[in-house]
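Both complexes below contain chain A, partnered by chain B and then by chain C.
Up next is the complex of A and B:
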């Protein structure tokens, strides 16, 4: 256990060093946040919808702030797989899946906190209708934070599934671009899931992608009542479990037909 | 039962070629990296594993270190099968891949070591004494707080070696550990390996293209070519078998000595030295000496140590590699 925690900590510290990338990331995400906000405000002008604009705007900002959790592949890991440096990790007495899971989790967590916290502070200062609004209730905030945990486990598990496939193909681009498209669409990053037609939402919110950020954000905005957390968190946990099982399965199958390049 | 037992080990890779014009699919090609290799190694041995590029040396090391699963054949190391129960097996071995790095690029090397301590569950006291010992032997004390990216190649290799030995493996695989090292670093590395082998009885299997490494370290050498074992025995025996060419440099008192040599002997000049390469099989050494003395008064003569690289090259050629 300790080995996984230590590798997690080391990866956290490493991520802290990348301040240049952090500033670039913040600027980029702020830009997207503003553009999307402006877009939704324009669409809403004169056409009030069932979902209030403040919720949509908060949704956009929270999605942008935690973007790094959704879509950020650890370049070190890809590099290890491609160059065959994974060989060294394979001759360690650790479970490879969890060893990499720990690294992925550290990178996603630190990467998104470093970008998300300053961004949300700025977003909270923007004028009403443009910025992040306060949570619906303190309990709502608590529920949102709680459900972010299984959501986070899902995100890391999804990433490790991609890694597992990459070990087969040695080229992440094919599988990544496909999975990223699904991710962007069904996580609510491009279009908030709240704006999909109700009948669609019934299906979409059950997909794993909705468990990542959509569910916690809706608890934050009050879209979901606090009590609904009792339904949401088990669904999230179920997906986290399934995705982890899928990932460990792929990694195990890879052992037999592993390709280690170079040497 | 020997410590390492390898029997008829086979491994092939499927390589997809570039798609040719007019063909719908890319053609697949199978590369047989190992075509049935067998050997045994006793505990405490220091064995050299050589062969031309692409012979299958690294593939063998990858299989024996639990990274790859072979297509056929058997192997056991200390009673364990490397590719079964990998997690348990790898606790007992150490690996150094010359062209790869196991230490973290951006952090001080001591931090990478402390991660290894947790990965191998080394006790604090054992870790500290072992680290002290290794860092003295490998002269790493000053470098402990330096991030890996700031180390020179030679320093890096010493740091890697330290990382691979922290958990006191019984068996150490070295895949081209001296690649890119200067003469001093090479000598130091060889001394260290000898010391580790003598002190702890660590079994070492060394892959290299530097024949001096083999000559200095290994009592036994195995030659691999095209995925097959071609020779297994003592280095001198190998050399004797393929000892075809020798080189002698002679300086004469007179300026232009006239050498009377058969055609099989090649002579050349290097400054005021005459460089003679000959094959003892075709022109026995006593006769060569006689011929040299007849040509004039010799001022100086050096018999160059057999050039192992030459020898190996001619050996590979003879074995049709």
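Up next is the complex of A and C:
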């Protein structure tokens, strides 16, 4: 256990180094947030919906702020597989799955905190109707933060499942971009899940992708009542457990048929 | 003329080399199809929920989306050297070899990359164009076809010009500058919807600095029979020329930038 925590801490510190890239990333993400906000405001102008515009705007900002949590991959592993250096990792006296789980968790956590916190502060200062609104209630905020935890475990587990699939091929770009697109669409990044057709809601909110950010955001905006957290968080935890089981299974199978490339 | 021949030759060679791994190529092409299909699904869902935005009907929105994705991915297909590979050329020092060859640097960079996987993205764009044109019942005349062709060609040049800004920054700073993505990818996301739904600052940005409104929205709106801001017909043929202006300006700046290029030494 200690070994994984050390890996986690080291990666946190490493991620902290890229502060220059961070500022560019924040500005870029803010710009996308503004464009999306403008678009939804224009769409709402003639056609008010059951979901109020303030919720959609908050949804957009929270999604943009935690963008790095969704899309952050560990490029080292695939490089190691291609070059054959994976042999070193297989010699380590730690479980490879959890070793990489700790790494990706640190990367996602630090990356999204460093970008998300300043972004949300700016977004909260924007004029009304353009910026992030306050949470529905203090309890809602607490529930949202609580449900972010299993959501985060889900996200890292999902990343490792993707990695497990991509490890099998030397050229991972095809399958990786396909799985990432599924995630971007059904986690609400491309279009808020609240704006998907009403008849789809029952299914898409149960998918693992909705557990990552959609569930916490809905608790934040009050789309889900605070009491619903009692059955949302177990669903999230269930998915996190299932995805971790699936991931460890795939990684174990991969380990058996791993070919170390010479070079 | 020689340059064009060179370009065609290197394109066919690059495409041949990419087809050496047919399965991987096939997978990636399908992935691209799904990716752009996902983008289009978002537009379909938006049209399904909101039906229209201001004076633009669902069909009009598909038409705008189609024009943007055809232009954007045509640029990515043929201009891969600029849109994707350039930062790594600078970082790895591959650009150095271009400097000693008896051809222009920009020519070589553009000849150096092609991305045939984008063909499926273009197909999605074409499908959106056809769908939009059907739903909005556009009556095609030769003049409208001309406007469409000109608009797409000029938008390609504009997008290429915008990616060159990133290349120019990259020459000076080695690291690729993420912020420029706001103009290129941000421009694509914003301008796949008609420009006049946006507030003034965004409209200004995409009319004056990155003139997607001029190359794409003015002619597209005219083709749809709803001229933007009530502009007269001739503007649909004149304003897109701003695309070539941006391209020429950026080519000039690129060549100036190259003079300050310092190899990374690796």
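Criterion: the second predicted complex is superposed on the first by the 261 of 263 C-alpha atoms of A that agree within 3 Å, B and C clash if a C-alpha of one lies under 4 Å from a C-alpha of the other, contacts with A are read in each partner's own complex, and residues count from 1 in each chain.
In this section, a residue touches a chain if its C-beta (ideal position, glycine included) is under 8 Å from a C-beta of that chain, and two chains touch if they have at least 3 such contacts.
It should be emphasised that the depicted structure is a prediction, and the values quoted were computed from it without experimental measurement.
In the superposed model, C is the one of chain B and chain C that contacts more residues of chain A.
When the shared chain is aligned, chain B comes close enough to touch A:17, but chain C does not.
By the touch criterion defined above, A:174 lies against chain C but remains apart from chain B after alignment on the C-alpha atoms of chain A. When the two structures are aligned on the shared chain, A:260 is found in touch with chain B, with no touch to chain C. Looking at the shared chain after the overlay, A:7 reaches chain B, while chain C stays out of its contact range. Of the two partner chains placed by the overlay, only chain C lies in contact with A:47; chain B stays clear of it. Legend: residue contacts after superposition of the two complexes on their common chain; A:88 is shown touching chain B, with no touch to chain C. Touch criterion not met for A:134: it reaches neither chain B nor chain C.
Of the two partner chains placed by the overlay, only chain C lies in contact with A:28; chain B stays clear of it. Across the interface of their complex, chain B is touched by residues 2-3, 6-7, 10, 13-14, 17, 83-85, 87-88, 90-95, 255-260, 262-263 of chain A. Those residues of chain B lying in contact with chain A across their complex are 13, 58-59, 61-62, 65-69, 86-88, 90-91, 93, 95, 97, 99-102, 104, 106-107, 111, 114-115, 118-121, 175. Residue ranges on chain A touching chain C, taken from their complex, read 21, 24-25, 27-28, 31-32, 34-36, 38-39, 42-47, 49, 169, 171, 173-175, 177-178, 181, 184-185, 190-191, 195-197.
Listing the residues of chain C that touch chain A in their complex gives 21, 24, 27-28, 30-32, 34-35, 38-39, 41-42, 45-46, 48-54, 175, 177-179, 181-182, 186, 189-190, 193, 197-199, 202.
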